[in-house]
Structure formats: C-alpha cells, structure tokens
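Two complexes, one shared chain (chain A), two partners (chain B, chain C).
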Partner chain A sequence: MKHSLLASAAAAALLVAPAAKADDTAPPNRTIGYVVSGLYWAVYQTADGKAECPDGLNDGPREHFKALFPDNGTKRPVVDTQLKREAEGYFPTMTEEPFTFHLSQSKIAKGLNLDGKADDNDFVSPDGEKGIDNQLFRVLGCVRGYRAPDGDAYFFDNNTLITDRYDRWLFELTDVDSLVNDDDVTVTTYRGLDGLLKKADGNGMLAGGSQVIDVKWGGRYVAKIKGKIKDGVLTTEPTDVTFPWATFGVPTDREMRGMRMQVKVLPTGGTGLIAGYTDLENWYRQTLRSSSTHHQAYGQVSLPSVYRALRRAADGHPDPKTGENTTLSSALDVTLTQVHIIHPDRPVAQADEATKTAEAVKERAGARR
Partner chain B sequence: MKKSFMLTAAAMAAVLLAGAAHAQDRSRAPRDAKSLIGAERAKDVPMPPGFKIMPSEIDGPVFADANGMTLYKWQLKALRNGSAGERKNEPACYDVKTTETAGLMSPYPPGLVLPELDTRPACTDVWKPVYAAANSKAIDKWTVLTRKDGTKQWAYDGFALYTSVLDRAPGEVAAAPKKARGDAPSYREAVKPPSDIPPGFEVTSTTRGRLLSTTSQQSVYFFDGDTATKTGCTGDCTQTWKPILAPSVGQTTEGWTIFERSPGVRQWAFRGKPLYINVLDREGRSQEGSDTPGWHNVYLQMSPPPPKAFTVQVTSSGEVLADAAGKTIYTYACADDSVDQLNCDHPSETQAYRFGMCGAGDPDRCLATFPYVLAGKDDQSLSQTWTVEWIDPKTGKFAEVNAPGALKVWAYRQRPVYTYAGDKRPGDINADGFGEFRGLRNGYKALWLRDDFYNGAGD
Partner chain C sequence: MKFNVHRPLLGALLMGVALAGCSNESGKTEQAATAAPVPPAFELASSPARHRLMSASQYQNTISHIFGSDIAANAQFAPLQRTEGLLALGASTAGVPFGEMQKLQRAAALVAAQVVDDGNLDLGVPSHRDSLIPCKPADDKQADPACAKTFLGMTGRLLYRRPLSEARLTQMVDEAGKSAVELKDFYAGLASVIEGMLISPEVLMIHDRSEPDPERPGRRRLDAYSYAARLSFFLWNAAPDDRVLRAAESGELSTAKGRARVVDMMLASPRLEEGVRGFFDDMMAFDTFDNLAKDASAYPAETGAALTAAREQTLRTIYDHLIVKKGDYRDLFTTRSTFMSPELGPIYRVPTPKGWVKYDFPPDSPRVGILTHVSFLASHAHPGRSSATRRGKALRELLLCQPVPLPPPNVDFSALNDPTSPFKTARDRVSFHLQNPVCAGCHKITDPMGLALENFDGAGQYRATEMGTVIDPSGALDGKNFKDVVGLAESVRNHPALPSCLVRRVLSYGTGSAVEREDRPLVDYLTGHFAEKGYRYTDLLREIVLSPVFYDVTERAPEQKSAAATN
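Right after this comes the complex of A and B.
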C-alpha cells in the first residue's frame, strides 16, 4: 500500500514536472543512432612527409628479407629464411636487429590529452592544444602502410570496415535533449548486423539506413558510457571497450582502455576522434593475424620491427611485475553515419560476456599494475 | 555404362548415427537434432568400367577407382605470383622431385631450398596417376590423356585423375581437407558426381554437413510445423519464409517431392518436408534462419559427430568446436611453395613448416603453444573423420601405439587437432588465422561450426 502511494506520488510529480527540456535539435524520442563508416589510425602528415619523417619512411618485409639474404647466388633453405622471418612475427623479441626503425619526429599529432598532463613526450594538436597523447602515431607515423591516401593498412582496414558486417560498430545516443548542448547523454555501443548504404557516386555513406543490433554474438561489444554535447561536439567519459575491426576475413577485435570520443555530431552523422590506450599485444596480434606478410610488404610494415617500437613507445598501464608499459596512447579518425538502430525483441546475449571482457581487460591491467 | 549410387548399409548406418548425434553443446540443445536424417545421393552418370561412386563422410558422393579409393584432380589456381595446378588435358604431376620454392606467394623470392630433400617425395609418389589401358574408351566426361612419357591417364571433364597415398580406406577424402579459398594453396580436390537434386539447388560441404542451398546460395530450410501434405506456414509466415516453388515441369526423384500448398502452387519438398528460404538471411549459405524456433537448415547428410567430450562455444563470429574445457579446437593446414604444391600438414609429411610456425622451429615450444588435444585411455576412432592417432611430439610424425613419449591424440581427417595457449576463456579464437596468409597456407584455423560473417564453416 505504502509502495503504491509512493508510486502514485511519483507519477503525479512527473505529470506536473516541467515539459521536457528538449530543443528543436533534439532527435526523435531523444535518441539517435550512428554507425562507424570510416575509421583510420590517426596519423598526422605534412605534404612531403619531411617534417615528421626526416629520415624517410621505414623499409618493409621485402626490403628486410633482401638485406638479410642478398641475392648473390647462395642457396638458402626455406626453413632458415622465409619460415624464420615468419616465425619472428609470431614470436617477436626485443633483441637488436640490423635495421633502423624511424619513429615519427613530428611535434604535431592528432589525438586527445588522455592523462591530463602536458609533458615532453606529448604532442601538440593541429589546433595548438598541448598535451596530446598519441604514442601509436609515433610508431606508425613513418610506416608507409598507415599513411594516407594509399597505405595498404590505411586503405584496407577502412575498406573492410565498410564492406564487412563483422566490423559494424554502433553508437546509440539516448537522453538527448539537444544535439548542440546537452550536459548529460548516454552513449551505448553495440555491434550491428547490416550493410551500409553507399551513396550513388560511391563516396561516403547515406544516412537513414537501419542496423539491427547483434544480440547473438555481439555481447562483448556492449558498453554504456556517459557523455555530454557542447557546441555540437560529443565527448564521453573514459571507458574500456572492445570493438570489432577485422581485416581480410579473420574475426578479430581491438581493445582500447579508457576510450573516449570527441566527435562533432549532426543529425546525419559525425566526424572526430576516438582516443584511448590501445592494448599493445592485442594491437600487434590482431594486425599480424588479419593481414599477411604479403600485404605488409605492400605497405612496408615490418611487424617484428614495429613490435620493438611499440614496446619502446608504450606509455600506459605498466605491468606491476616488470613495470613495462602495456598500452599505447592512440587516436582514431572516425566518421559516423546516422542509422536507425533496431532493438530485437530479445536482449543481447552474452551481456555478461561483455562484462567479462571488460573485467578481463581490467584484470590484465590489474595484474600489470 | 550407367551406374547408380546407393549407400552401403554400413555407410548408411554411419550417416544415420551422424545425423542423430551432433556436437555436444552443454549450454543448449543441439540445433541440428531435427535435421532430415539421410544420405546424399548422386545422379546416375555414365562411367567407364572400373570406376564407381562412393559415399564419403563429409564431401558426399565422390568418384572412386575399382577399389573404392577417391579420385582427385588438381585444377589450375591463380596464386600471387603465378599459377599452379593443371590445365585441362595437361597433366603436370610427374616423377620429378622438386628441390626449390617457386616464389608463387610474395614477398619471398623463388629458389629457396625445400626442407628434408632426402625424403621429399616426387609428385607422383603421393598423387598416383589413374592410368588407363591402351584400349580405354572415352565416355561422357571421362576421357583418356597421354602423359609426357606416353602412358595413358584417365581424366574427368578434362582434368587428369589421381588417387592419394593418404587415403586409408574406400570413401576416404583425407587428401583434400582444406579450404581452397583466397590465398590458400592450389589444393587437389575430390572429383564428385553431380548430386541428385533438382535444378535450382546446390549442395556444399560444411563442418556440420552437406548444406542445401539454392543456386543463388540462399540456405534452404524446413519447418517443424509442416508435414508432407499440410503446411503450418501460411499468411504472414510466408513473408519471412518464402516457399521454394517447383516449376510445372519439375520432376520428382528419390527423396524429392512436390507439395501443392494451394491449387496450382507447387512447392519443393525434401524427405517429406516442404522447403523455404529465409528472406532475412544476411549471407549466403547462412544458418541464421535456424535461430527461429521450429526452423532448420536442410543438410543432405550430416558429418560424423566429434568426440563426446567436445563442446560448442560461442565466439564473436559464430560457433566453434572446443575441447571439454571449452578451448577452441584448431586445425593446421599447409602446402609448400613448390610448383607441386605438396601438402605439409599431415603426420606422414614434413613437419618443418608447422614447427617453424608454431614454435620457431622448436618442437617443445610448439607443444606449449599449440598443445595436441589428447584422447582418453579408452577412446577409439569414431569414423574416418574423427580418429585417434599416436604422435611423437618431438617429430610430429605418427608413432607406434604406446611408444615411449608418444601422445594419443584426436585427429580430424587424419591430422591432429590443437588448442592454443593464448586462448584464455571459452569462445576465444586468438589463433584463428595464426600463420602465413592468415593461416590459409601454413597455419591454424578454428574449427568453425557456424560463422555468420565469413563462412568459416564452409568450403
């Protein structure tokens, strides 16, 4: 009885509460969905590349193989050459190699200030903001494969994101009273199941499509995040996420700790940055399995060399036993396209799996602290 | 001569067993329990004397020699830096031992010395040409080719025919167990007669069984609520489940009938069940429709069940077979980069490639990284597909039963299966794609039962 009285009082209070504060930019039902339709590791480039890569770009697998095993008529076993190099990818070490790896020398980088500090290891954003954390750019900045417009990883990672449904990463914004200024919105991530609607000219995606949430396999991709919109820019609180990003048909995911968004949102889509600490081992192994030495050779991505650089440049989440950092600050250029997100009748399976995944990430982090 | 295909009683029993019991799923009832149990039939086709059609456990009916041994072809396939295989009417497998790589897969150059040359077989040591008598006569798609040495060899549809030294028994297809897609090597494949299905349908091998689809790759389904004479799917149901209509000239054959769901509307039925496609399937050869209660994919025959202790685990892309502890099961596939494209993934073949990939050449590291899936003391081979083998982990080769240091392991299509030390939780697939060319050439792939995004469970 007491409960029902309270409920009645609450209902009455709601009835007399001020009308919703939604403005005319608020989306219908105070909800708007977006699908990731463009995603690139953020690499700041100058026109000729000399500012960030004064020593040139790095060599790749083909050049390294030739340097190690020159074509001088010597007959060499496949086991001691090709297989040895392949194994060095899967069993990387920190031993010195006879190649110089060129880190980006740029003072400027895209990204966000993840740790709230501005120190000597940080970059300045293209807009002049100090304290930008993006050590992954320091590693990849002079690797041809990650540079626009025709690096192989730059192209293929994004191309398969568009073509492969596995990579369908959704953001649903709820409690949105304004797409311009709202200090409290909720962002929930899911995996969608449907294709993207490409514009007739092939450039970009059409807004207004639909995406059914993957309730069967996509539990690990669900995360609920608090955010706010200021002057049309959505920012979110740091959250650990796992997101689907497979290339060339190997189902693989990315793990980012403390992920946050800084995205200009519009009724039709958005552009901006996703930043956070990328798990080093996850990034490396995902890249290794998703690609092949053949494709890495296209982009002069010598992964055994990159691994050494990743380890040296890592700046987050130190291992509690060794003290060695296990993550790298990083940023992604992201493009969002508005979609209608369809919630199936049944809940997302593996909801606990998503929790487990996040917990697992934390467990690993905890173990490293 | 015309031969008709009929399963032997023993083979039929094996297939019935396969259909009745499938992979154990500890969390849910097996979805395939309602499959239309039976065995795939081949069409009657002309064959020369001395050949027949044999049932196989996973690949359906295959052509075989007089002893029942499966016939293979080696069809030309484009690789990264050239092609390997045979053109029609041009046998390329001879008694010649190749010694160097061909450089067909970049970025590595040709001319690297192949491993274990002292024991390396010539192409014809492992792929036995199916010789023809001098007076052999061509019939239908069967023709006789002349090899470089003047001997005669049978061909089907222009492609020279071989048997494999790996097949141990009639009907076995152990020599061609891999996915031939994309950057996979130029594998040999079993030569198959056309399946006895009406026009508009096709059948493909999947881990679960021989999956029926339309020729446009739409999966075919049946409904529990239907009988051979009455349908439970009407009205709105048919907006999602579209009856597969039979033309007025559609002919029935064994197992296939036509159900008249309303006057003049004829629907194909198979083994007593009307057939449908699911308009909501997002991929070809999908299993999505089977998530709807009462609806099931149609398999012409089911694959033999795995060991009872195995489980099915949910991943980010679908379902994989896993061991009793929930760790994903992996298979290893390999063919070398020679012009012969010889296999290197069977315990009778060189293990240099596998050791190179799973342990940087160190067998002990391999054992730690990719442990074998051990069989129990009392476990025995279940079928041609799932066998118990004894392996010497130091060499990766077959060992005598109970030999010192040997391991009793489970094998899929004669090759040991593995788990991966990097998988920590059920559903992890961290070694799917581990190896050269995303695991397709010299590496590991998860044993997929269902993959809603990349068709990992299919050919």
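Right after this comes the complex of A and C.
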C-alpha cells in the first residue's frame, strides 16, 4: 500500500469533485462505502403469530419422520427411513405428502413492489403501500427457523455473516453530492475480504473499518447500478446480482434478479430492504447444502415440503419451455455499516480526519446547530 | 542510587565535560571505546551491583531464544513497582513471593514438557526433543548420563548465563538420572531438571557479580558474565546468547576493543528490536495498557484489540524511527510517519488494509508525533473523557523527567462533577481549577500543555468541538506559547529536558539504578555527546554500554545486601 502517495491523490480527487454541488452531508471524495452487517429474509411477524399463521407453524423433519415411521416396534432399515428422507431432500419432487404446509396468511409483508402492479397475490407493506411482492415470505412466514429472534436460519445466517469473511458484500456509492437528496448516484457491489469490527461493548458493528475488494475471485459479485437518494433513502434501479452467502461456513452464492435497494443511508451505516426475484433452485440448493438435517430439525424446516411450496409460490421469470416460474419475489432486511472500501489497484485514500471524514462532517453540522 | 563519583575529583569531572565539549567542536566523533581518551565523567562513575528480577518479557524472550519461538512460556510475574519512572528500577527491589513462585513453577513445568516432547505428526506438532537435544539416549527408558550432561551443560550455560560448575552439572545429571529411572523415561528426567533450572533464583534474578578491575586498581568491575548479562538484558531484553557468552569466556569482554566488537554485533542484531521495545514500553509506561479500560458506550471504537494495537503502533513507530531510519530522537515528537492497523482505522478514521502498514499523516493533519498517538492520548485520560491534566502530567514525568506532585487528599471535585455544570470544554474546567490556589500550583505545570491535546477525546479520536463548543487548542510549555498541537509538538521536540530525560532513563534502565541529582554531570556529559551525534539512539546506547559507568560497579554495603535478599 502506498500511503505516501495519498495526499496528492486525495487532493486530486477533491479538485475534480464538483464541490459547489455537494452539500454538508456529502461524503469525502463524494464516495462512501458500506458493508452488509445484517441480512435476514424479511419475515413480517405479529406478536403472537396468529395473524400470519392462524393454523400454527409448520412441522419439521423430526415431526414428519415420526409421522411417517412411527415407533411401533416395526423394524425398518436405515436405507428405507433416514436415508430415504435425506434423498427426498436432495431430490425433491412435487409428489404430495400427507402433511399440510402452512403458507403465511398475512396481508402484510415487508418488501417492494417489484412488478409495478398491485394484484390479489400481493401484500401491503407495514406502512400501507400496496402491491408488495414477497412470495418467499409466503412460503417461509410460518417456518420457525426463519422467524425472529431465535429461528436457527434467522440466527445462524447472520452469525456466519459476522464471524466468517466469505459472505462480505460491499456497496460503494460514488458521485454522491448529498446523503439526503441526490438524484443520480452510482452503486457498485463487490465482495470484500476482511472481518467486521464490533463495537467495544459488543453490541453492533463499528463504522469506519476497512474492506479490501476481492479482485481475484470476486468478479461475479461486481455490479454497477444507478440509484438516487431522496430524503435520505437510497433506491436503485433493478439489476441482476450474485452475492456471497454462507451459513455454517458453507460458501455459496445467492442469485437475485431485478435486485433493487430501498435503504436509509447515514454517514455511519444504513437500514432497509434489498428486494428482487430469488432464483428458486439456487435458494433451495444453497439452503440444503448449508443446513444438515439436524439444523433443519432445530428450525422445523422440512425441505421437501418447503420445495413444493416454493414451486407453487414462484411468481417470476417463467421457464421459456415449461412456462413454470423459476423465481420468487423476495426481500431481505439489510443493515449496512460504513467502511472504507480499498481498491487494491489504487492508492489508499488518505483521510484528513479534521476536515474530510464523515464523522467530521457530522460533527461540523452538529457544531453549527 | 547515585552513580558513584569520587567527590574530590568532581571539579576534574566538570572540567572533563568542558573539555569534551571543546574536543567535539573540532567535529571529531571518535567511538568511545576505541580511540578518544575517556573523559573524567566516565572514568569516575560506576553503578551499584544489583540483584534484579527478570521481567516477564525478558523471561519470554530468553525461553524463545534458547528453545525456539514455538515454546510457549506463559509465566506470570507480579507487577513491579514503578520507581523513578521505570519498572526496571522496581525490579531491583522485587522478590518472588511464594504464590508467584507457584505460578512460575507451573510455567516452568510446561516449558520443560514442551522442550522434551516427542511431537505428534498427525497433529502437525514437531518433535522438540529431536531438534533441541543434541544426542539420543541408548535407551529412552533409562538414564543416560553422557547425553544428559551434554544437554544440561549446554542449556544450563544459556539459562544461568555462565558455565555450570562441574559439581553443579554432576548434581543435575544425577537428578535427571534418578528421575529417568523412577519415571522410566530419559526425557522426563531431563524435564524435571529443566523445570528446576527455570525457577532457580540464579536464573530468575540477574545477579551482578564483581571483581577487581586490573586496569584501575582499587576499583571493581562486573565480571565478564555479569557484564554480558547486563548488556544483553539491556540491548536485547533477553539473556545473552552463545556468541556473547563465548566473548565472556574468552576474555574478550574484559578488553575495551573486545567490548566494542561485541556491542557493535549486538547493536546490529535483529534482537535489538526487543531491547528497544522493552525500554520504551517501560519508559512510556505502557504497562498501563495491561489494565486500561475505556467506557465502551462513550468510545465504541476503543475495543480491547484497538488498545493493544495502539501500544504496538507507537512501539513500531519508535523502532522504525530510531533504529531503521536512524532518526533524531527528538523528531519522534514531530514525525508524521507511523503504522496503521485495521483495529486503529476507525479511531484515526483512516482506510487500513489487513495487517500493519506504513502510514503518513497528511502534512496538515493534527496528528504530529507520538504524543498524538492513541497510545498516549487514551492512556492518559479518563475512561470516558479526556484529561488535559493527566496528559500534561505524563508529558512532564515520562518524557521530561519532571515529577509532578500528587494532588492533596481533600480535593473537592463536586463543582466539576456537577451534571448541571456550565463547563463545556476542558479549558473551562481547567480555568476553574486555576481559580483555586490549592489546585493552581500543580495544574499550572500540567494543564497548559495538556490543553493543546484537547482536539483528541479520551479515546484519542479527533474532535473539533466539545459539547458543541469549538475547542481552543492553544497552550504553553515552559515559556513557549503555541496555538495548537503542532506548536506543542515543536516545543516538546526542542525542550532541553527531552534528550537529557532520555539519557537518564536509558542509564537507569541499563544499570538498574536510579539517576539522582548528584549524577547530573554524568548525565550532562552523556547528553552533550548524544547531541553531538545527532540524537541517534544507537549512539547513545553504545556510549553508555561501553562506558565505565556500565561495567564498573560499587558493591552495596552488607546490611543493604541482606535487606535485598529478604525482599
């Protein structure tokens, strides 16, 4: 790293920036980076769950196994019982089983209006916006493992995000003249290589860390997206993306088509939604690979049942040959933490902490008040 | 202590200082041990013979050098009392109480077990015995006196810092043999003796032994092995290695020329880094970090990892500036070059890739010199806010060797701690102090320079304002007024007490004895030479370790000896 080159590099960057257009909330060099530090499949929940799951939550592998193979003294070989159920997870079919899968009955869901329409299959957002598309929530809404705060998928997906480095998803906003209102910003996604920094009290992530872009293996995670910021909320145009995902240390990718963001952005981070059409087969295979049956049992995630529900609920990107939908509208609750994104092929920007950092910007604004 | 100087010759000594100044005006920079006549300040000074307890880092480094860096030596030493600015001086009066000895024995047993272990290839653990023990027993379930003698003689010489006597070695071999027979394991027998060595007072205590100085009748000097040990613990923060001990054995360390060769070898060694770090860690009072805690809600970026990195950052900066770049010591207080790690990035608000990387603060940055490092700023502050007083006091005491009196026991902090207090900035609070004559006496000597660091909060993070009020970082240091921290850095850099304080600390650290008022001519002489050499740290080290004050000793009175022994 050639830090020594930086003063001139930073100065040059400032010179080319249209300073007159930027406001007090503009980040240094009109650029701000964020790392995903929280990512949950968006599941709208009421306090007792009865509104969205009036018939209760779904059973999982343990309950299904007990129903299929009751402990009545019958001797059964492993290949016809445990291994059979394993195989049914790896080779799922649409053949029905004698179990009822409870879809979410909620009228409300978190998400975005992906298709620009408001029809009977859509939800209403918690804020009352109609036309919310989130069929993945319809499937997962009554599966214990995906519900907060103690669902195993809910917990472990994010725990892995924090403890592992594989699923380090970065968003770099450039051409930012204001973090409050800017009708033309560019968002570029990358995979990062570095750990997250926790706050000293262990609660939450620390802003101001650094992430080096994975330029060697991370090419497929790069996407350049146009966006705008209105009243502090960043929204982006739909773009197909691949992003890194790992659960229990199993590295895989997620495929999301027409991905768009709706995130409240601040100098230190952001919160909001990432929504788009999740590839059905990709989602299922990733989940299957990451979670062994005992993990699925913890969260009562019966994957053969979930698979059939996914197929039935799919609402996007019909297969040209079969006409069957291959994706599900979906949304992720996302938390972003501000980081310095380091491009290995460029000099590391040299921060002048007294005048140019996001913290200093915030502090100056505070001093004026 | 005071460095022993013959009073009747004090005038001559002072003359010597003056003469030295004259001779240096000629521009000659002779190496002390090789050419120039030794001035009286050197000739007359000596230091007391000491028994010093090895520090935890010296123990760790010694184990690492003798047995390898993969041998874990988690020895816990009791905290030393900081004396005259240094823990190293506290080591001269420290003993090893029973509870601590138990901990040291546990550590010794673990070290010994690792030294003789057979490894486990399945787990990727190498066999240490194969690489550390230079012989194989005829039967590894039986005693083998010849092999045991070879290994214990070699190892004992390094641990005891001198060859073992034949009687001692025979006794150790016998003990190893008895244990081997009893345990039916040759290596377990060796381990039991290694364990015993590692808790021997002669290993844990650095004992200065003296002998008559044949070149100066009536005076005593360290014997060659004690000189080797003093040199090595000072320059390498570890026991001497085989090369230094061989120089002692051969008599080379008993000659000026021989001492110079060995010292130059040691100063060129990579092990010098441990010595430099050990000294400055002590001088900067970085042991504070062992217990330093910050208010996590006030300073979320000040994690334990960040504090560890802050200490490391300054030590790296010091080593790089003084040894790698051979820089002027005073410039440590104005340099903008440092190192950065990811843990520190959020505090300095700097992009930082993985690992330690060199970093230069911009020329207009408020970060200038090591006083603006997080290590200094955070360790001399309150858990949840800055402290101009603590920072000013630390500057005075640690770097200028100017003790600040303790506050009186009946200080009334109620006005300052009042949650409805109208004071918004540290300057307001300090002004309140100065209105009280009881407080003002001391605060006048600490606060004016501490206020220049108020642009850094209690975590060492930059801030332009405090409670919405723009901070005024102006200040003063001994008649020099400045408008901000850059001015403070320049004033510290050019303060006449800065180099002389370093000389005092180095001299004390190396000899284990405090420098006192009577030693001023010696300090002045060394400081003068330090200046002539451009304030190069290695030149100062070289001058001191090759001077009589380092190898000539005065034995303590018998009653003092017994007092130290029972400590």
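In the analysis below, the second predicted complex is superposed on the first by the 325 of 369 C-alpha atoms of A that agree within 3 Å, B and C clash if a C-alpha of one lies under 4 Å from a C-alpha of the other, contacts with A are read in each partner's own complex, and residues count from 1 in each chain.
Criterion: a contact is a pair of C-beta atoms (placed from the backbone, for glycine too) under 8 Å apart; a residue touches a chain by one contact, two chains touch by 3 or more.
All figures in this text were calculated on a predicted structure; none of them were measured in a lab.
Once the two complexes are overlaid on the shared chain, A:348 sits against chain C while remaining clear of chain B. When both complexes are overlaid on chain A, the residue A:340 reaches chain C alone and has no touch with chain B. Residue contacts after overlaying the shared chain place A:313 against neither chain B nor chain C. Applying the stated contact rule after C-alpha superposition, one finds that A:207 touches chain C and leaves chain B untouched. Legend: residue contacts after superposition of the two complexes on their common chain; A:193 is shown touching both chain B and chain C.
Within the superposed three-chain model, A:303 lies out of touch with both chain B and chain C [touch as defined at top].
Of the two partner chains placed by the overlay, neither chain B nor chain C lies in contact with A:108.
Legend: residue contacts after superposition of the two complexes on their common chain; A:280 is shown touching neither chain B nor chain C. Counting contacts by the rule stated earlier, residues 193-194, 349-350, 353, 360 of chain A appear in both its interface with chain B and its interface with chain C.
Residue ranges of chain A in contact with chain B, taken from their complex: 61-62, 65, 71, 75-79, 81-84, 86-88, 90-91, 164-166, 193-194, 216-218, 220-221, 244, 246, 248-253, 285, 289-294, 297, 349-350, 353, 356, 360. Put simply, chain B touches chain A in their complex at residues 80, 101, 105-109, 111-115, 182-183, 282-283, 291, 314-318, 336-337, 352-353, 356-357, 359-361, 365, 422, 424-425, 427, 429-430, 432-439, 442, 451-454, 456.
Interface residues of chain A, counted against chain C in their complex, comprise 1, 3-4, 6-7, 10, 193-195, 197-202, 204, 206-210, 212, 340-342, 348-354, 357-360, 363-364, 366-367, 369.
Interface of chain C with chain A (complex): residues 294, 296-297, 299-304, 306, 340, 342-343, 345-354, 357-360, 362-367, 455, 462-465, 468, 470.
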